[in-house]
Every structure is written in structure tokens, then in C-alpha cells.
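First subunit A sits with subunit B, and in the next complex the same chain sits with subunit C.
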Partner chain A sequence: MTAHTAARHTAAPGVRIRDLTVVYKTPAGELPAVRGVDLALAPGTITGVVGESGSGKSTLALSLLNAVQPPGRIAAGSVEIDGLGDVLTLRGEDLRRTRGRQVGYVFQAAQNSLNPLKTIGKQLLDLGRSHDVEDLRGLVRDAKDLLARMGMDGARVLDSYQHELSGGMRQRVGIMLALVLNAKVVVLDEPTTALDMITQATILRIIREVHEERALTTLVITHDVGAVAEVADSLAVMYGGRVVEHGPVTEVLGSARHPYTQGLIRAIPRLSGDLSLARALPGRPPTLGTLPTQGCVFRERCERRMEVCETDEPMSVTQDGRTVACHAADRHLTLVKRKEEFV
Partner chain B sequence: MITGTGITKIFKQRGSVLGAREVPALRGVDFAVAKGGAVSFIGESGSGKTTLGRIVAGLETHDAGEIVIDGVPMSTLSHRRRQPYFRRIQLIHQDPYSALNPTRTIHQTLEAPLRLRARQAGRPRSWVDGRAAELLAMVGIDPGYVLPRYPHQLSGGMRQRVVIARALTMDPEVLVADEAVSMIDVSLRLGILALLKDLRERLGVGVLFITHDIATARYIGDDGELYVLYRGQVVERGATEKIISDPVHPYTQSLLSAIPVLHGLERPGAERVVPREMQREGEPDGGCLFARRCPFSTERCENEMPVLGRDGGPEQEAGQEGGQEYACFHPRRRSVIPVGVGE
Partner chain C sequence: MTHAVPGRPRLGAVARKIGGHLGRGLAMIWVVATISFVIIREIPGDPVLGQYESLIQKGMSPEQAERATAVLYGFLPTGNLWQQYVGYMGSLLHLDLGRSLSTPGVEVTTLIGHAARWTVLPVLAGTLLSFLLGVTMGVYAAIKRSGKLGDVLALSGSLLHGVPVYVIGLLLTAIFATLWPIMPSGGPVDVEFVPGFNAGYIGSLVHHAVLPVVTYTLASYGGWILAMKSNVVAVLGDDFILAAELRGLRRGFVFRYLARNAILPLFTILALSIGMLFGGSIFIEEIFNYPGLGLLLVNSISSRDYALMGGTFLVITVGIVVANIAADLLYTAIDPRVRSGGAA
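On to the complex of A and B.
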């Protein structure tokens, strides 16, 4: 095919988030929504970030575009993308070009982020012009290909206004707009929220297929563990602005180590299994204002809390490709290690 | 006890000069909610489930059929005479953020309906405050903490509990819960579901549970009944656990197949069903409503409409033993739900 298509299949870039802290200005001073997050997205993989309201997951996602809005501010850290450098140092025109070109973003409630006064096609051309695309015909052709790839009649969709499309169709239009400039890093914020079950399953399948075909590095942000389990390779669990656990999705779900992950999994309504084993986590998710300033952020809801959890924040410990930030899980691991030494 | 027979609702689409197009939202739905019973309606958007809930709560009229509350057919009463009956049915809807008046404290929110109750029952004013505290305790929140507060000071889970407490001020016989947990944080959902189950057992309140997430229906009580609604028609009904573990209608199977698999904890069902096409608006009504999307449809399905309970095919007798009914010419049990890895 054309050189244009060939360029698509260059290797997927890796993304390294290091020690990222994002603070929001509140009457009580600047409070961290994301604190000291280290997260690496391996090239060509889908990473799922799961968290409840107030966990900092959407703020983390916006940091990949360096798009945290006031009263928020990125206070520390770096977001390095292969071939692009540290996104957090980009300013002005460079930053604007990066967004969409290198990093595609499907916003939360993408179905509501389209312009109601313009057809999808006009919005596509606007996108092309703002990124100085010379071959606008080629852009439209690519958009139609992508839409067809996702099971839609491209020509019809481009001629439509957003209100003429269903929720699942708008979501796919959002994905098309994020990919049409050949971004290699794609961030999807709650891609299936408010969609019906069958539509959700279809969208998740499409995300997985398009990800593989175009060799992308993908980040999916969601509150729905199930949605991530279905689509992601690795899973990061966020709580109170921290990544408390991270690892391959089957391992994190199959043998969760952090008490929050364990509790969250127990709290998911499921189709099979013993009803009496399922239960809600006690307490409620913290907000910016109620986050403890020292010690572990999860301790108030934790069934394994110890004295040290009140005073010291647990460090992230990585072992065998799995990262956990928990004093209790730590102790378990060191105990196991010690036993091995004795044997 | 509340029963509905042949509930039919037709919406007329405006906009056309040559006469309005008629869209059937409900096509002759029969159901019954017993004292302390649990009946769940499952379906995607456009299935008519929300319309049904509103009709049952007296907020929407219907075009044919009859609602009978405590043995009294509602069609025989004037609009004014009906009100006391419909007051016994209280609606809890999806969004606990917009359901409470933001300018009123929780105390004020509960006080108004309780005063009305006190007047009706000839109770003293002093009864009101005690009852408010009692109701909040009943829904599992601390009255001392919540009563003086405004809705914005409470978490989503707490707000939904307040909404339920407010519904209980009317001493309802039936609570209609429309997607009552879909906006609640995952770790807290089971708590709300357990509360609904608890209210059934303790107060004998019936629950009409409306959701797109089948798994949640299990948690309001395993003795419940499940109705699967597709484009206004009940296509399968029976005991909740039975329908989930042994679905017969291909649409029920599609819905269950679409629920994400928690890889690492579960393996996908062996015979997952994927519809051939996405749902479209304005589909024709001849034949089975699901025929065009159904992977198993035949010529008969295109031309004839199966009737619930009558057209069950060869397996009908076996199916009806457990009270399971379906409207399908080619019923076959398929294992579609995930299986635990350890099982």
C-alpha cells in the first residue's frame, strides 16, 4: 500500500510516567489528586487503569496530554513518550501538534463531546486543517476506512450530525477521530460508560482489534474492572491518587495482593458463584479533602491495617513484574522470602 | 400486591407532516410483584424498561392493559382517586445527585413527606423527627451525621440511601428501583443491593428492579423473578438464578455473553452468543423482533411472531416446570456465562 499506510506500522512507542504529582488548588491549600505515580506502558500493550470516583484516574490520563486544567497543576514528575520526549516540557504550538497527532484521546462521554452544529465530516476536516494535513481527501478516506472497520457506513456517518447517531456509534466516531491522524499512543477515558452491555462488548472488541492492527500503545481508564479485564494486558489499580497495584491482568485479578484490589474484586456483582461471599467494601472512597496526609491512603477501609499504616506511606515494591504498595502485602512477601532463605 | 396485564405503550414520534410514526415501547407486558417479592426487568436502552417503571409508579399513562393495586383495577378510578394507590409505589431512580433538592438539608427532605403521613394517620408532630431518624438507621446511615447535612456533603452511596429512606416515608408496598446502582461507586454497589434485599425481608416491601446489568439482579434476592425485555416484549421470564444459569432465548444469551469475563478468575462460557448486527432504530415489526440480529433465525422467525409461553418449541414442557417461559421458535440451552477458574 502507500507510504502513508506503511508509516502506520512502525513500532509502538513506550510511555514512562515517573513520580507524577498533580495538585488541585482548594480553599484548604493545594491538595494532590495524583501523588508520586510511577507507571510504565509497555510498547504495543493495553494498560487498564481502574479506580473509583476521586481516585485520580482521569487526572492521570489528562497528564499524558499535558492537559490538566486550572485549578489543577502538574507539580512534579515526567511523562516520557518514545520519539517525543517528556510531554510535560512541551508548550504552545508543539504541545498542540502533539495532541491528536501523537497522542489520541477519546474523552469521557465521547458521545457528548461532538459539536452538535456540525456534521461529523466537517469536524473531521476541522481536525485535519488544525493539524496542517495537506491531503484532506486522504484523511476522509482514512476516516471512512476506520469507520467501516468498526462496522459503520463511513459516508453516511460523515454526513450525519451527532444527534442522528446512537450512543455506540458516537463512541466509535470518538475512537475514529482519536486515531485518524495516526496517533500511536491512545488514551480512552471511560470508553464504555453509559453504553448497553452488547454495545459495550462490541466496542471493547473493536478497541482490541484496532489496537493490534495499528500497533498502538493504549491506556484505558475506567471504573469498571470487568471492562478492563476483557480488553487489557496489564492492570493498574488506583486509590486516593496512588497506583496501589500493577501487573498482568490475569495475575492481578487471579491473585490480588493489595487489600483494596481484593476488596474491589469481592464487591463486583457476578453472574456465577456464591452470593454470600460477595460484599461491599466498608467506608467510602476518599475525596481530595478527606485524604489522609500521612500513612496509607486506604487504611481506613482496610481489614489488614497495622500500626505502621497510620504513620508511614507504603512504598511501591516490584517483584516478578508485579507492583504493590502495601505494608501488609510487603510483610507477606518478605516473610515468604525469609522462609525460602531458611530452607 | 401489584399486577400488570397486557401493558401497552405507544409513543408517537412528532415531526412528520404526513402523520406521526408510532413506536411501540411496550407490547402487552404481564407481570406481578408480590408482597416482599423481587421482580427484575432486564433490557438494553430502548427496551421499554424505564417506561414500564414509570407506568407502575403512576408517572406515565399507558395505552392498553390494566394495573391492579391491592385488587383494585386502576382504570376504574378517577385520576384523583388513583393517587393514594400510586403513593404506595415509590420510584428510586438512577441519579442520586439530581434526586435530592440541593437547597434542603436531609432533615428538611424527610420532614415534608413525614408531616403529611403524620396528618393522615393523626400522629403528633413529635413523631416526625423520631421516624426520620428511624428510617435513616434502617437504610444503614447514622442519623446524627446525615440529618443536618445538605446532599452535596454526602457521597453517592449515602445519597442513594437517603433517597431510599425518603421513599420509605410513604410506607410503600413496592419500590421501583430504576438502575438504582449504576451511578454508585463499584465498591459500594453491593451495599445498596443488600439494603434492598434487607428491606424486602424486614418490611415486606416488594422490589421492581430495572437494570441493564443482569448480575446485579442476583443480589436483591436469589428467590427473585427475572423478565428479559426486548423492544417492548418480554422474550424470556423465570426464576432469576434459572434464567442466568440456563438461558434459552438467544437474546438473553447474547446479553449474558456480553458481560465481561474477569480473566484470571473466570473462563468465558463455551457457547457465547454474539448478535449478527447492532440494534437499529425503526426496525420493522413483522416476525420475531430479534430475528434480524439472531444468529439462529430461520424463515419462520422472519414471518411469524413467537408468543411468550405458547411458542417454546420442543423444550417447552421441561422449561415450564421451573416456571421458565420464552418466546422463541428454536429454543436451546447454551452455556454462555463465565465459569470460575477453580470450578
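On to the complex of A and C.
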């Protein structure tokens, strides 16, 4: 128990994803679902990743645990976590011990992330035994505390089977299992999908509170810009396997620079005001097979498309703590860069 | 437990459930007994009346013939159908299934009891062995499904599943009893040993059981491995397995989660096939000359021994009904979703 309490006060680790490329094996060869992604999660912050289905956000999340499932494969890059080193080089037992203990993962569709044949309490004990927790009573106590923090009767929940809990309760159990071993890095993949609005708001509040209380470094994957605006400190926007824009959440949402981010924000229906003001992005998100191999991945749907977008892939340019990968957004900078290349 | 969890049954509910099962089981047995009574009574040529009349022709007085027939079938051959039915049911309640015609004077229950021993031993052993083997191999076939081992295992399952049991039996006899005679070709035990708990007798028993058990195992192994493989593949795709891996659970735990969830549906089939074993395995008993229930049934049919036939049917029915109840209760015990009476 003392070890648990001590761990709670250590500083949050930083996470640096560098040049990460994940490919999936398809009949048409290996196609990249995530390509050349650079993303740093500052210690103690919540980073939100938004994007449409197929933008590579879940693949990115799984990469943090080196858990990309076949036919996927991490082709290049590194994921460095303070105190752990490059997660992508971990294998076997080292990797298993890292998962759960160091990096907590709240599963997409966490409602189905529990074994239907065992009570939550027994699954908790399995988790503790897997990670050599000696004080199992302490673990149960911690779990009950966490569940109580999330507004549930811990003793009752631990004594229940999955099917005896509602969707929102299972989601909270999933969060509890990700946190109970005091992992300092927590990845939440679509934590509020398939939940009703009230439960969504509760879950988001809990994520925020627990994050601050335990000094975590958190990554939240979602396709819900509204959800991310509520919890995140910084926001990364993914499109076609690339991070097209990244920066503090208020700035990215307040003055989006990438045309895709702007389109996403325009597509959000407002609670007040005319519903018709919300405009859907024209076109469809690319699939693995339809991703252009050269030029900008977004150009097909972009209203500010230029000639250069057809041939050159826009580079990520960082300025004032904001990163954008778009020829149009930072034409000037790009031009300067290209001139330098020619000299 | 100090608090009541909704949906968790109390002791009374469990007792009620078992009681309901037993009631339904008894009703089912009653229905089958009635049908078997009607069939025997109404079959063309009316064997009961025929027996009665042939006894009279042999010179018995009608009263004697009536009594002799009643002993055979458990009910009086004369009188209206209703009276006969009541008589039949009455003797059933006393576990009196009548007497055999083909083995004169011997009670049907005695014959069935003898035959059951020779059925239960090899068929039960074969069922359990093939279940264990098939389930284990099914897990491997599923986990290694993209490799050579998986292909070979799945192919072995499909192949054995497709070969009829009598072909397997005849092949094994041809190889191990004729070409390379290390196994006895038939019979349940060598006659020179004194029945009882002595090494010679038991050794001979086991020796004779090998080929029938192996035949039965091979014949039903295919079904188990194929069913288990597809179950494991389905569970492997379930979210909670990946979730367990992402939580860093030990391989042993993940494997247990996988296996327990995949094996669950198979328990029902296992319980039912154990119930079916009272029907014996006609081909295996015929090939290996095992005097089991299957052979008893076939012989009773060919010798028109209606009382024996009816009795054998009834035993098979009871076996299946009891197995059904057992399967239901077993499921209740191992699947919490069934226990609380509602799916998620």
C-alpha cells in the first residue's frame, strides 16, 4: 500500500511519439494507417486526438502499448515514455508488465472489455496477480475507492458480473481497471462512444478529476470534438493517418489553421442558433486503399487546394506551440523552406 | 453477502428451478411411455393379443394365457385400452417393464441392466476421451490457424468427422485384430477369467475395450475439434480478450478466459451425448460383438420382442431427459448470465 501511495506523488511522465508509421497488410500490399506521426504528450496534460473513422487514431492509441494487432505492423518510429524508454522495443514479459502497470488502456467499447463469466472482483484479482501485487486487499480497497469516486458502490460492483452492470457502469469499471495499478500514462480510446449524454458528461468529468488528482499523462481518442473540448489541454487532429494539426485545445478550436480542422468545427451543430449553420464536410474520408500516395492527403476535399498540394506532401511546421501540416495554412513558411532547399 | 444483488437467485429460486426441471422431465417420460404403449398395443398384428391367442392355441386356458401375457407385457391383453393402459402405468411405477420373449422368463429390467454395463463403459470412455482430445486440439487448431499445425489439425477433424464409424471400426479390426493381431477381435472380456475385482479380469476387460473405445473416440473427435475451433476463433475476436492482453494479464489468465468462454456451449452437447449413450452405439457393438444396449435394441426388434423394445426405448428416453436436465443445471452453474435469468 505504501508503494501505491508513494507512486501517486511522482511526477507525470512525458510521452514522445516520433515518426511513427503503422502499416496494414492488404491484398494490395502493405498500406499505411498511420504515417510519419510526430506527437509529444507533455507530462501531466490531457491530449485529445480527433479524427473521422479510419483516420488512424485507434491504431495510434494501440501503438502506445505496442499492441497493434495483425495484420497491422509497426513499420517505423519510436514511442518513448519517460522511465520506460522506447515501448516499441519491448517484447514478451517486459511488454506484458508494462501494459496495465505503466500504461493503462481504456478500451474502445469498454462495455465489452470484461470477461462475462467472472465477477469484476475476480478479474481485478487476476489483474493484481498478473502484476505481482502482493497486497491484494490493498488493491481491492483502491478499486473500491476508485469506484466510489466514480459514483458507484464499490463492494456491489466488485461482486457483480458484467451483464449485471449498465453500459456506463462497465465503462467506469474499465477506467478503474486501467487506473488501479497506478499507471501514470493512460490511453482512453473512445471512452464515451455509445453512452448517453448524461453518462458521457459524467465520464468526462471523472477522467478530468482523476487525471488531475493522480498527475497522469493522458491521451483521449475520440471522434467527438465536443467531448475533447471539455477535457483536453491540447488537441491533435488526424486525417488519413497523419496528424494535420496539433496545439492547445482552445487555440486549435478557436482559430483552426488547417482547412480540415476548420471543416470539422463548422460541422458541429450548435445548441443555440440555427441547425442549418452546421455544414458537413463534403466528400468522404479516405480508406487505406484510396489514400493518395503523393501530395496532401486532404486535397480531394479541400476548398483551398493549390497546385503544390497535388505533388508535395505538406510538412509539419511548428510555430508558437502550434503545429500544422498544410501548404495553404503556412504558404509563406513553406516557400521559405523550399527556397532554402534549392540553394 | 450482506446486500442483495438484483438478479442473483436465492436458494428458494434454485430449488424451484430444479423442481420445474424434474416436473417437466417426468412429464416427458410419461408422454414417451404412453406413446410406446400405444405403439406396442396398436402395431399391426397386435403382438399382445397375438401372444395371448398363441398361448391359447398351445392349449392354455384363457385365464392362464391372460396371466402369462400380463407377466410378459405388464398389462392384461384383454379388456379395453384404458384398463390396459392403467395396468401398464401401474407396473411401470414399480419399475416392472415386463419379461422378454426372446430370452424367455428373464425380466426386461435385468436384460437392460446387463447390457447397460457393456454400453456405459466403452461409450462413456469414448465420449469423454474424444471430448478432451477434441477440445484440446480445437484450441490449438484455432490459435495456430494460420500455420501448418492448425491446417493439419483442422483437416484431421474434417476427415474423421466425415468417415462413418463403422468404416473406422472395420479398419481398426482389420489392422489390429487380423493383420497384426495384438487386440482381441470381439467380445467384452475373455471367458477364462473369473468376473470380479481381480487383475486378470480387469486387464482382459481393458484389453477388449481398447478397440471399441478408440473407434468411438476417433468417430466423435472430429465433431469436437471442429466445434471447439470455431468457438475459440469466435471468442478470440471478442473485445475482452484483447482488453485482457492490454491490461497485461498473464498468458495463463488470458488462456483461461478464452478457453472457458469457448468451451461453454460444448458442455450442453457433452451432456446430451452422455444421455444419448444409453442408446448404445449399434455399429460399434455389432462390429466388436459387445452385448450393449444398442445390440439389445436391434435384437429385440429383429426378434419382435416388444416388451424388451419398449423397455429399451424407455431407458433411452430417461437417459436423454436426465441428460437434458443435467445440461440445463450445469449451464446454470457455469454461466452466470443464465443463472440470473437474463442476457446482457
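Methods note: the second predicted complex is superposed on the first by the 323 of 343 C-alpha atoms of A that agree within 3 Å, B and C clash if a C-alpha of one lies under 4 Å from a C-alpha of the other, contacts with A are read in each partner's own complex, and residues count from 1 in each chain.
Everything that follows uses one rule, which is that a contact is a pair of C-beta atoms (placed from the backbone, for glycine too) under 8 Å apart; a residue touches a chain by one contact, two chains touch by 3 or more.
On a predicted model such as this, the values are computed, not experimentally measured, just so you know.
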item: Clash or fit (per the criteria above) of subunit B with subunit C on subunit A; value: fit
item: Vertex subunit A; arms to subunit B and subunit C (CA centroids, nearest 10 degrees); value: 70
item: Subunit B versus subunit C as contact partner of A:Ala227, first or second or both or neither; value: first
item: First, second, both or neither for A:Arg270, with subunit B first and subunit C second; value: first
item: Partner chain in contact with A:Ser113 - subunit B first, subunit C second, else both or neither; value: second
item: Contacts of A:Thr199 with subunit B and subunit C, given as first, second, both or neither; value: first
item: Subunit B versus subunit C as contact partner of A:Gly240, first or second or both or neither; value: neither
item: First, second, both or neither for A:Gly254, with subunit B first and subunit C second; value: first
item: After fitting on chain A: smallest Cα gap, subunit B-subunit C, Å; value: 6
item: Touching residues on subunit C, where the partner in the complex is subunit A; value: 1, 3, 5-7, 238-240, 242-251, 253, 257, 260-261, 264, 334-337, 340, 342-344
item: Complex contacts: residues of subunit A adjacent to subunit C; value: 65, 67, 69, 96-101, 105, 107-110, 112-119, 126-127, 129-131, 155-156, 159-164, 174, 177-178
item: Touching residues on subunit A, where the partner in the complex is subunit B; value: 52-53, 151, 166-168, 196-202, 204, 223-227, 229-230, 249-255, 263-265, 267-273, 275, 278-281, 284-285
item: Complex contacts: residues of subunit B adjacent to subunit A; value: 44-45, 155-158, 185-191, 193-194, 212-216, 218-219, 222, 244-245, 254-266, 274-275, 278-279, 281, 337-341
